[in-house]
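Shared between the two complexes below is chain A, which has chain B as its partner in the first and chain C in the second.
Let's look at the complex of A and B:
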């Protein structure tokens, strides 16, 4: 069992050795780099990492540079989970046979965007969790196919304008609400699943460290505000993320062993959902009078989901 | 021929062509450099009562298209090499069950993720046999903006005629090229549509897979009046699975022969300054544009070069190639891969001394490179 890295405060955390170098080609203000940096800095363990095709992969290893200080596999759009599962299974087998070169136990982490997690890689993640690999899967959820030019994914929320669900005179954009990935992963009886956001860094580190200390598959859904596709000023990434968590659009919680749900952040002042939506260009059209019903629907759904989470927390189901 | 002039890109023209050719369904997945086909068609189709769905992956993309095509509609999917790899199994299913559909492949560098935003012609052999087993693919390759339109229209007509998938190859350069194109009018496109064959006799006499040894199946729209079985297994005249030896042999032989015996209907190529050519360049897709420019330069220097450009890539225009290679000694195949079509030209010519100019670094071949190579021959 590896030792859990002690982190006292943000200053110490942000000045500790960077395991994910900032010199990458991600857009200015992209939350991906903040999240990945927080995850990697949360542990001193060796890491074996995998990324599906996507913004993170494209932008962090452009020859002759790399942002990664550990072994890193880039695989197709749908398979970071399975590549890491293969590495983990081989490691386990070698350990059993006593043929490992090092006696240090690495952690296995797979990264994917929401397209690769909610859509094309879905069945493979499910397989990894069903088989029970000792690995962490992190979805960098920016609710859109950002790397291929802004198409909707099944993580795209209602009312969002994307190139394949454009808002205009005939449409208010995406008609469906996003998949509830956390519930789906919890339904695999995964030992630990959690939703995190980079603005709540302490909450995030705690969850990541819990994840690393957990044996078996761990799913982390990380909200990653996308300055390019959500259309906000690159300086506002954390402010927009704050609005997401404080409006309860993106509640922070964890589910242990498929049933024990704990809400880990309760905002002191809950802000209206329209404040969160209004901060982003992708929802601009919702503020036209003809789309007022979508704004109402948004608030209603957010309230209902929060209510359900609280009831699940209480009922432990 | 009446024409209309538009300014557009190859990908957009391909989407427009599908809608003009009566396509009512698109199922696909965002894949660079083909995504614009989906962007444009998701805007166009709802206006004509059609449906465009962004699916959760490439496999789902082709499978919805198979479902839509089985219901009697013209249906399209679009992707690039990695997506073709994923669709391969179901392209095979569509060959086996004889489902007419069109798949546009905008080629990028491969294998694997390759060079997503760069040009390549690396999917030539893949498009010949994307799936396992025996069948005969039909693949068309656009060599200009106008052909992105006309070849997509032709693909729909051929799919319905031969009852099988037809692949339209664009490459990244053609797909993203922006410029003027002279297109046939909508009336002309509509006039050229020959509906799928259908059966209208009594239901008990309908055997969808009972047809001549060189003819495609006659599949009525699946949910209208007639009932039949549909499977990727070897099947009998009703479509029901069978292992009966002769039925199995006949089925696969027919899948081959329904195309092989009608190659004259498919053959399509362009000859550019070939009348007095002493050197033949063979190129297709965007490379043919550079080849034409290089030929102008070579001719200005007194070198009599010409271009032979296959438009129907599979089946290849082998007879015509043989005719030329029998009389022209110096032949150069220029392509953005390491000789994928070159091997087909060698086969058709029955010659191993065909020269090649290959490039696989994601960049286009320039006229200058072709000129230099021709001078070395």
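Let's look at the complex of A and C:
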């Protein structure tokens, strides 16, 4: 059973012990560091951590330094999930045999970006969840291959201009809608999946602690605003995140045992999607008259998704 | 506690069962594996052990070979005994992670039941997968029969897990010819086998919670080269020394002698075939026949492919007049791997042997005694005339027009 840490307010949170070193190479304003710090600080349990290749990995373990105050492993772009599953299996085996080095039970957490989660590492994650390892997988979803300079992934939303789907005279950028990773992971009958955002830190910590207290595979999709590729001022990370959650582009919800969907945040004032899009350079071209239909499409899809979530919540399916 | 199995002194096992039993006796903590022909029975046998409480580790049945090796890396870094088995396409799929396993200095043991690589798709034995792994930083041992797959399967843990070595190790055996052919295998009891291997002693274990460990860091031009240099150094020195030490200990225990290269009929040999896998045994039979006819023929089987036994081969071939390197993998645009490796050794001898290259047995094509006899006959002509009497590279037993180069 994981130890539930009591954190009452932001001040208390900001002064709680850091298990993720502030001295890392992530961009100023990068939401990754906020999210990872919050996840690590949500428990006092020992942690065995893995990172897929990506921003988080290259910025936190450059030899001979590390930003991690826990055991940590990186193998490749696609397999942090399976690396952590292997470590979890080892702990299980050694516990059964009575050969553990330490008698405490750690928690097992793997991190990956949306590239390594939605795309290249998808199969590995699916395998881990099907087998039911007792682990948490956290996708730091910034909707782009940020570490390699901003190529589209299957988490890149419609209309986004990336270096591989650039906006041009004959293109408004990415044409396809983002993959619904949360539904896919819930469809694995995972005991707990949730979408979180760093600006709603209380909601996020509660979900992380629920995840740590859950036995079996837990999937967390964390919205991670990317100052570099979304193109906003590094000081505005939380403001842009607020627009994302308040426009319902990133609705906050959880799904328990594959079916019980709970919406965990209902904005008092829902802001128009174009306010969220307008705050970021990657959508700048959508405000040209010829791309007005994409803005309309965005609002339509966001409304439909929110409607679906509410109906699912009510129907418990 | 797992139940023990009372083995007969000699069991009738195929190579896959021999490998599986060695894995069982090692009391592995985690096996992460995915079935692929012809190594599938290793995974199946292990599942049967699990179903009958004959193993007490975790058996993680993953969704691909890439995940198998990824799981092995995570488990090994966590700090415990780890092993797996694969073949061919599966081996190719896990190739990326093979380099990561060795670079992270993780003592993972893997049985590789050798098989051809597609295209065209083929399930039979050749050494294409073995050759694919030769720069991956693993220790590579080759078993010529089921007995050796068992023996090396036990010794591998002791070599690989040594704290100075900490490098993963493959044990190769020929697909079908060894893996599916039942033979008499001399066994060790469960207790004797486990005591020989010894308990796993963790180092830099992620599960050592009071001393957290970091595995798989980023290095660029500042440190990467030094990491690789150290790994190469340790493979060349510590791994080699430890392998010999374990071979010696195993001989004391069982009377079965292993060495970096296995020499047969090499005393005063004028001509020699160098090969690997089951071909070694075929070549031995023919060499013995040749000796009865007064032709001084010998055979060298490569036991340890990596680290390459340079000095041993150089010494073994120093007085041999003509040598054939038999490669069971298409060199695809060059001379075979064995030819090139041998050439490097011979070049430093005062009188370098005349060296020729034979490609054979791709996709399970038989290598017959007659084929070997033909090679020895050509080697004899080379030895007698003091020059190469054939093209440098010939393809044996190829239907249609003869193929030769250089």
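Following the convention adopted for this analysis, the second predicted complex is superposed on the first by the 317 of 317 C-alpha atoms of A that agree within 3 Å, B and C clash if a C-alpha of one lies under 4 Å from a C-alpha of the other, contacts with A are read in each partner's own complex, and residues count from 1 in each chain.
Heads up, the rule we're going with is that a residue touches a chain if its C-beta (ideal position, glycine included) is under 8 Å from a C-beta of that chain, and two chains touch if they have at least 3 such contacts.
Just so we're clear, the structure is a prediction, and the values are computed from it rather than from any experiment.
**Student:** Per the contact definition in the header, classify A:14: touching chain B only (first), chain C only (second), both, or neither.
**Tutor:** After superposing on A, A:14 lies clear of both chain B and chain C.
**Student:** Between chain B and chain C, whom does A:74 touch in the aligned arrangement: first, second, both, or neither?
**Tutor:** Both: A:74 reaches chain B and chain C.
**Student:** Which partner does A:87 reach: the first (chain B), the second (chain C), both, or neither?
**Tutor:** The answer is second: A:87 touches chain C but not chain B.
**Student:** Please determine whether it is chain B or chain C that touches the greater number of chain A residues.
**Tutor:** C
**Student:** Answer with first, second, both or neither: which of chain B and chain C does A:259 touch in the superposed model?
**Tutor:** Touch status of A:259: no partner.
**Student:** Does chain B (first) or chain C (second) touch A:127, or do both, or does neither?
**Tutor:** Touch partner of A:127: chain C, not chain B.
**Student:** Examine A:63 and indicate which partner it touches, taking first as chain B and second as chain C; both and neither are also allowed.
**Tutor:** second
**Student:** Please work out whether A:100 is in contact with chain B alone, chain C alone, both, or neither, and reply first, second, both or neither.
**Tutor:** Touch status of A:100: second partner only.
**Student:** Jot down the residues of chain A that show up as touching in both complexes, chain B in one and chain C in the other.
**Tutor:** 74, 76, 78
**Student:** Mind pulling up the chain B residues that touch chain A in the complex?
**Tutor:** 29-32, 35, 38-39, 42-43, 46, 54, 56-58, 82, 112-113
**Student:** Across the complex, what residues on chain A touch chain B?
**Tutor:** Checking each residue of chain A against chain B gives 53, 74, 76-78, 115, 118-120, 122, 145, 148-149, 151-152, 154, 163-164, 166, 170.
**Student:** Name, in rising order, each residue of chain C that touches chain A in their complex.
**Tutor:** Spelled out, the residues of chain C in touch with chain A are 29-30, 32, 56-58, 60-64, 66-67, 70-80, 82, 96-97, 100, 104, 200, 202, 205-210, 212-219, 223.
**Student:** Please output the residues of chain A touching chain C within their complex, sorted ascending.
**Tutor:** 46, 48, 50, 57-58, 61-64, 66, 68-76, 78-79, 82-87, 89-94, 96-97, 99-102, 104, 106, 123-124, 126-127, 130-131
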